[in-house]
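Before anything else, here is the set of structures, which you'll find just below.
Next come two complexes built around subunit A: one with subunit B, the other with subunit C.
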Partner chain A sequence: MELESLNPQQLSIVKEQLDEEVEGLTNSFANLRHAVTKYKASKIALENIDQREILVPLTASLYVPGRIINPNQFMVEIGTGYYVEKTRVQSSEFCTRKMNMLMENMDKISKMINQKKRYLDLVQEIMRKKIQEFQASQH
Partner chain B sequence: MAQALGKEVSDLRKIQKELARIESMIQDYVLKKHENEMVRDELQIVTDGNVYKLIGPALIPQKLDEARGNVDKRLEFINKEITRLDKLKADFLKKNEEKQEKIMKMQKDLGPRGK
Partner chain C sequence: MSQTIPLSQPSSNPRKIPSVVFFEHVGELVAQYGADPLLKQLNELYSKYKFMEAQLQRSKQVLRAKLPDITNALEMVEYLQSTQEEVKVDFQLSDCVWTKAEIPQTPSVALWLGANVMLEYPHEEAIDLLRKNLGNAESALESTNEDLKFLKEQITTCEVNLSRVYNYTVISRQGK
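Moving on to the complex of A and B:
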């Protein structure tokens, strides 16, 4: 796109659009990072589950003591309402797979954000120049 | 003359609204496609272990090949819908362009006389 050929008003529209896009992408990035944190926490929880006594929540304020019968069997939600029984190792691998996929997407988005920010800098630079030229021509 | 122009502009708005609606539907389907692809890949990895589907509040056991089949069928449907909507979007994009050209021409014709 030829930015030089646009007037300051059009440039400011482009700038607004870019701002919106950067905001949207930054939001997505934050969501992805949040999801990675949750999978990381699940992975850590997996390693800590054994046959100790635990407190099982029946309601938000009522817990009963219990014991995990099989600390090697877990139910994993794989998406669209499907659940699979997995062993501790398989569940941990699942978490790792998910985290890797999410982090790959985070990389892609972060590159896009940087690209947009560079474009944004360029637009602002050209806007500044045009405004200066206009002011100079008024004297 | 100006009235005809007004009608064309309102037609253009309708086309653009429809375009936005189609685009939003495509986005939804693309999202569903990714989620179902992930499930399909995960089910490929499953060798042993039971598969369940959440139906309402209950986890109902499923046969592995049945689950795989269902996800594949769903993916097929989603892909067909995306293809259909992409074609519809292309049609409306063309209509959008044609309408805009028509309006520009009408404005040019009105230009010298009108204000």
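Moving on to the complex of A and C:
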């Protein structure tokens, strides 16, 4: 796109578009980070499970003392509504794989955000120049 | 000089939300108080009602989310009380990990009351507490809905008043 050939109004439209894109990407980035934290917490929980007595949550506000039947058997949600039985090691590996995939995506998005930000800076620079030229031509 | 214009009056609303006075004779009011003060105070009143409406909408959502949770907890405690043997459950260890646990017969359950407080209750007391909470939440939801309906009427009256005063000023300016 030939930025130099655009007038200030068109440039400001481009700038607005870029602002929106950066905001959208930053939101996605935050969501991904949130998901990574959840998988990290799952891994920690997996490691700490053993046969001791625990307070089992039956709802968000109701807990009952109980014991885990098999500390090596877990059900992992691999998609919306799809659960698979896995051993402790397998579940931990699953969480690690998911985390890595999410962190890869996070990297890609942060690269895109930086690229858009650089483009945005360029657009603003050219806008400033154009406005100065315009003002100079008025005198 | 600014005087408080009587824009609202006490109403029959149980939560004592004032109702808006409908402007029967716009001309008289404009003559008495001036169009600008009228419009300004009407706008203030309007934004107060809108703000309250937003608040009630938020608390309605919170209540709507709490109700199923209390109902489920109540059902579970009743089931635990009625069953004579161990119960096997699948419970959520974390966001995507579930595991099986067995719950032996216990005389008591623990209820999370919020604010980092959890108390142990025997089955009967837990059922009573949950029933009471359920009743409170349901009646709070009902009164919130009632208030929202009432507020909608007041907001409409306020809007009508605003447009009538505004139209009156426009017409009287054209007349001059």
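The rule we apply is simple: the second predicted complex is superposed on the first by the 135 of 139 C-alpha atoms of A that agree within 3 Å, B and C clash if a C-alpha of one lies under 4 Å from a C-alpha of the other, contacts with A are read in each partner's own complex, and residues count from 1 in each chain.
Note that a contact is a pair of C-beta atoms (placed from the backbone, for glycine too) under 8 Å apart; a residue touches a chain by one contact, two chains touch by 3 or more.
The structure displayed is predicted, hence computed values, not measured ones.
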item: First, second, both or neither for A:Ser12, with subunit B first and subunit C second; value: neither
item: Touching partner for A:Thr59 - first (subunit B), second (subunit C), both, neither; value: second
item: Subunit B versus subunit C as contact partner of A:Gln90, first or second or both or neither; value: first
item: Partner chain in contact with A:Tyr82 - subunit B first, subunit C second, else both or neither; value: first
item: Touched partner set for A:Asn105, first subunit B, second subunit C, both or neither; value: neither
item: Those residues of subunit A which subunit B touches in one complex and subunit C touches in the other; value: 75, 83
item: Complex contact set, residues of subunit C against subunit A; value: 69-70, 72-73, 76-77, 80, 88-104, 106, 109-113, 118
item: Contact set on subunit B toward subunit A in their complex; value: 35-36, 38-39, 42-43, 46, 49-55, 59, 62, 67, 71, 74
item: Subunit A residues within the subunit C interface of the complex; value: 38-39, 41-42, 45-46, 49, 54-70, 73-77, 83, 91, 95
item: Subunit B partner contacts - residues on subunit A that touch it in the complex; value: 75, 78-87, 90, 94, 101
